[in-house]
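Here the structure comes first, spelled out in structure tokens, and everything after it is commentary.
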Amino acid sequence: MNTSQDKVTDLKRAISKYVAQGSHISIGGFTVNRNPMAAVYEIIRQAITDLHLYAHSNGQGVDELIGAGCVGKLEIAYGGNGRFAPTCIRFQQAAQDGAILIEDYSNYQMTLRFLAGAMGVPFLPTRSSLGTDITDRWGFSEELRKDDPKLPDDKLVIMENPFGNWLDTSKVVLVPAINPDVTIIHVQKCDRQGTLRMEGLTFSDIEQAKSAKYLIVTCEELVDTSELREYPDQNQIPFFHVDAVVHVPFGAYPTACYRYYDYDPIYLNEYAEYAKDDTRFKDYLNRFIYGTSNHRELLDLIGQKRLKSIAADPRTGYASGLDRR
Amino acid sequence: MTKKKMKFDYSPREMMAIVAAREIKDGDIVFCGTGVSMLAAMAAKHISAPESVIIFETGAIDPKLEEIPLAVSDSRIMYGSSMNSGLADAFAIMQNQSTGQHVVGILGAAQIDMFGNLNSTTIGNYVNPTVRFPGSGGACDVASFVGKTIIFMQQEKRRFVTKLDYLTSPGWLDGPRGREKEGLSKGGPVAVITNMATMRFDENTKEMYLDGYYNGITPKKILANMGFGIDISRAHEIPPPSADELRILREVCDPQRLILG
Amino acid sequence: MNTSQDKVTDLKRAISKYVAQGSHISIGGFTVNRNPMAAVYEIIRQAITDLHLYAHSNGQGVDELIGAGCVGKLEIAYGGNGRFAPTCIRFQQAAQDGAILIEDYSNYQMTLRFLAGAMGVPFLPTRSSLGTDITDRWGFSEELRKDDPKLPDDKLVIMENPFGNWLDTSKVVLVPAINPDVTIIHVQKCDRQGTLRMEGLTFSDIEQAKSAKYLIVTCEELVDTSELREYPDQNQIPFFHVDAVVHVPFGAYPTACYRYYDYDPIYLNEYAEYAKDDTRFKDYLNRFIYGTSNHRELLDLIGQKRLKSIAADPRTGYASGLDRR
Amino acid sequence: MTKKKMKFDYSPREMMAIVAAREIKDGDIVFCGTGVSMLAAMAAKHISAPESVIIFETGAIDPKLEEIPLAVSDSRIMYGSSMNSGLADAFAIMQNQSTGQHVVGILGAAQIDMFGNLNSTTIGNYVNPTVRFPGSGGACDVASFVGKTIIFMQQEKRRFVTKLDYLTSPGWLDGPRGREKEGLSKGGPVAVITNMATMRFDENTKEMYLDGYYNGITPKKILANMGFGIDISRAHEIPPPSADELRILREVCDPQRLILG
């Protein structure tokens, strides 16, 4: 919550100011699209650990945070990354090794939980997951829940419909609100005050943003206020939710950013190869993340030619005809 | 096995996509995941159900799909759509009382039981799993809400199990009254499509039975690749893909063979 | 729910097909803006009575439906119309005469009730109205509720927070979902299939539209599908919710339609004068509504000069400098 | 009374708008209704709180307000705003745990009691009312959720009542623990601004007391125009509008005198 006129800062400062060891965080995007990767890499560089991460299907960003050892606890719906990883590889490894504590929800439930936080209500109802193990098996123990004031006492609550059989519904699952300490999203356009515009699908970014105590926005373009205010219908989040604005071109790379660039299939395929082996994954981290001091340097490793190959076709918004094998 | 195929030869994956496409009718709203389910939905729209509508859990309604998406967040589903929104809106369509029962969801999983319940989460103990899969994603939501689900499976003993290690997405739960008892929607799984066969669920018992088998596959072989027995008395051979079906699938839907392989 | 390609029809047919005596309906817009007035006037011309009307603050449309005797029961948050009627005059009269049965909610509660219907859940929670008479006094008796299967048994339910004090919330008010038989909205642009675009504020139109069994859309412009699909981010309602598309220029007149025309202060001021007296209000109905056979004829009574005076300034979207006294 | 005024003369309505504007600080998010509350919010932004933000329940965030809106749905609040949305989003800002406590809501009503509870619904019996008012609109929501409310009232005996005919919007309910007992937000009414005076609420009892009176008005006259007695021991005279305040109100905010009359 911040009404000031100028929130522009750099990524190092934004991450060190708002993300700390043990912070409860969420990141925007979905699998291979619009993950705030520059911010993810900066968290890894700053070696922030023991994060409590709330994810629906954030894919690439989640897997890299887990792989780099930043995550202690994870509430998640889906740890996959489209065709590039039917199950995210470092996520799978960490789960099987017991290296992180995981609690499962569905995608809609995670979205409703962010929405509840955004709306300021303690829960929202759904019929999803009645009769399943999502309602029966809890990843976090009652003790752990009691010890952490940032966690609700119950994973979820099943309730009879208090309005009888209204809407042909006998029971509902109530899922508890999430209010992350910080949410980080990457958007196409933002002004210095935080008025912003996402293009293409918004996933759950809007709910994640509004539910957070602090909101960091990275953007492809830092634009004039007048440009965004000419079409206010297309802006998605009240600017006073925004605490930091960071201009990071290619800030979602190697995931896609609609109308700007596509995902990089070479990077994602190579990542999958690195991720399969602990030693090679360390090489990956050393070369691409610890070995670069910021996102610009990481992009330099990739080179202009690769970046040009994924440039969005102005007609379709993605790299039409890109070789994606 | 060579990837070059004779004109009327076809892979199991192609057969699966076409058999699923045949399940989709005009007026259906098709919920699509990644991979072969997306191909099936695209094929249906081009072949038999031009007035079906493809939606994605990420919020895209009826996109143009000029190129095949590799994930449900692929920018290729944002182009030429009727509307772009987000997850909250997409799942509301499926839970909504007017639209939800018209949605056909196409799902996959690691395990399935005889009532069509699915596991896509863990094998072994939940907290310390032997194998971890991606988890529900939107699958549990779709399976909870919509009118019909179609399930893609590989025909393997370890996948067709008597008891799931984790019930991620509800099928008919424990039988005909299972969903009603728990408070789920009237809908449920209608077909399981594998690389060998199509199973359906008995109207009265909601138990899986063999409905059809592919050319060259016997019911016996199918049973040998399942961890539980099913009724095979109603089974018939499924017509192979027509030349037209194959042409559309290969030339229109996935010319780069990104999904077909 | 309708996936067909061409839903275009005329207003007479759309109203007679979907709106009947006793129908539960809702209309879009808010006070002096984007009310589906052409449709409202057509309902009045067809003399459809005993409607059960769900309203938040729909203002002009609600007052005219009540004044013309179309409404039997009303669930409402606000019966006012901005500076033109601090309390809507025919609404006030009907309430004081006991001519209609009224049940009160707040604006947010009405919006949540439509949202619940749109989401397919029997209720949504809020903290609004705890400790007030909105929770204590019911406009519809328990008997009436039991007799009408389209009404929930309870106006609302107050519940302890099942997640303890999660989100510093001890109690919530659960408000029941609404699924109107039909919702009518007026939008700026629509194609033949029902893909549509509202410009400016959307009020609760989206929730009202998605919660309805049938949805009638009137539009300023009937446009090509390709035009709307070039910018899908700006379209608001999945087309399969739409059952009828009707092309009605000035369909919101005398209320405003952003980027097309302003409200007509002369009409609204004159309406307030007519509304103050039963006889004069009959004159109003006879002259403007019963005396015209469609919206075009009503607009002809107003004349091109008046319509030109409220034409939107392309820069601001309203009639800049309009005399609004 | 003539509408032409001397340069430093001013109407009660102008005084009310300016007194309310003085309550608004940088960092406040101001929820605006129609009429004088809108003028107050506009004046504050131009005079003392340029980093306050005006929002409307209809979904507009920080619009340009080149011309004064005559309703909260007026197209004039859609132009040059930071964002246009709808009611669901607007009220969520007020109920949201991070933003809601920074919202200052400006409300009016037909009746008020000593704890700042408001009636804007009915006089007489609820089902067969003597007088029907518009109802809550967003007032009950705002009063339930936000950090602070400011209330505009006409100073009349029939409006300041010991018992409301209908409690539409919660103030401090029955005293210091009233809101907490019912489960409402920590916030509540901080000032009542009338055509004669400003009342506030005692920190301990939450009962209304006279804080300030306008030039030419006595505390006695104020009490004579209330249906219940209040503490007047803390009252002081409120400084009249400055020339600058009046100029901005008249020339910038409402040059057509659509609200000022």
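Going in written order, the chains are labelled A, B, C and D, and every chain counts its residues from 1.
Rule of thumb we're sticking to: a residue touches a chain if its C-beta (ideal position, glycine included) is under 8 Å from a C-beta of that chain, and two chains touch if they have at least 3 such contacts.
From a predicted model like this one, the values you see are computed outputs, not experimental measurements.
K.L.:
Using the touch rule from the top, work out which pair, C-D or A-D, shares more C-beta pairs.
P.N.:
Counting C-beta pairs in contact, C-D comes out ahead.
K.L.:
Taking each chain's centre as the mean position of its Cα atoms, how many Å separate chain C from chain D?
P.N.:
Whole-Å distance between the two chain centres: 27.
K.L.:
For chain B and chain C, let me know how many angstrom lie between their CA-based centres, rounded off.
P.N.:
Whole-Å distance between the two chain centres: 40.
K.L.:
Counting only Cα atoms for the centres, state how far chain B is from chain D in Å.
P.N.:
Roughly 57 Å, centre to centre.
K.L.:
Can you pull out the residues of chain C that are in contact with at least two other chains?
P.N.:
Counting only residues that touch two or more other chains, chain C contributes 117, 120-121, 126-127, 161, 167, 169, 172, 179, 200, 233.
K.L.:
By the touch rule stated above, which residues of chain D touch at least two different other chains?
P.N.:
Residue numbers touching two or more other chains: 60, 78, 80, 84, 95, 97, 145.
K.L.:
Is the chain-to-chain touch network here best called a line, a ring, a star, complete, or other?
P.N.:
Contact map by chain: other.
K.L.:
Pairwise, which chains touch?
P.N.:
Inter-chain contacts occur between A-B, A-C, A-D, B-C, C-D.
K.L.:
Under the touch definition given earlier, write down the residues of chain B that touch chain A in their complex.
P.N.:
My answer: residues 34-35, 57-60, 66-67, 70-80, 84-88, 91, 95, 97, 121-122, 126-141, 144-145, 166-170, 173, 178-179, 181-185, 256, 258-259.
K.L.:
Could you please specify the touching residues of chain C with respect to chain D in the complex?
P.N.:
Of all residues in chain C, those touching chain D are 29-34, 56-57, 59, 76-84, 86-88, 91-92, 95-96, 98, 104-109, 111-112, 115, 126-134, 137, 139, 161, 167-172, 200-207, 256, 258, 262-263, 312, 316-318, 320-321, 324-325.
K.L.:
Taking the touch rule as given, give the residues of chain C at its contact with chain B in the complex, in rising order.
P.N.:
1, 3-5, 117-121, 179, 193, 195, 210, 212-213, 228-229, 232-233, 235-241
K.L.:
Quick check: in the complex, which residue numbers of chain D touch chain A?
P.N.:
Residues 26-29, 51-53, 55, 60-64, 78, 80-84, 89, 92-100, 102, 145 of chain D touch chain A in their complex.
K.L.:
What residues of chain C sit close enough to touch chain A in their complex?
P.N.:
It is residues 117, 120-127, 152-154, 157, 159, 161-164, 166-167, 169, 172, 174, 176-177, 179, 198-200, 233-234 of chain C that touch chain A.
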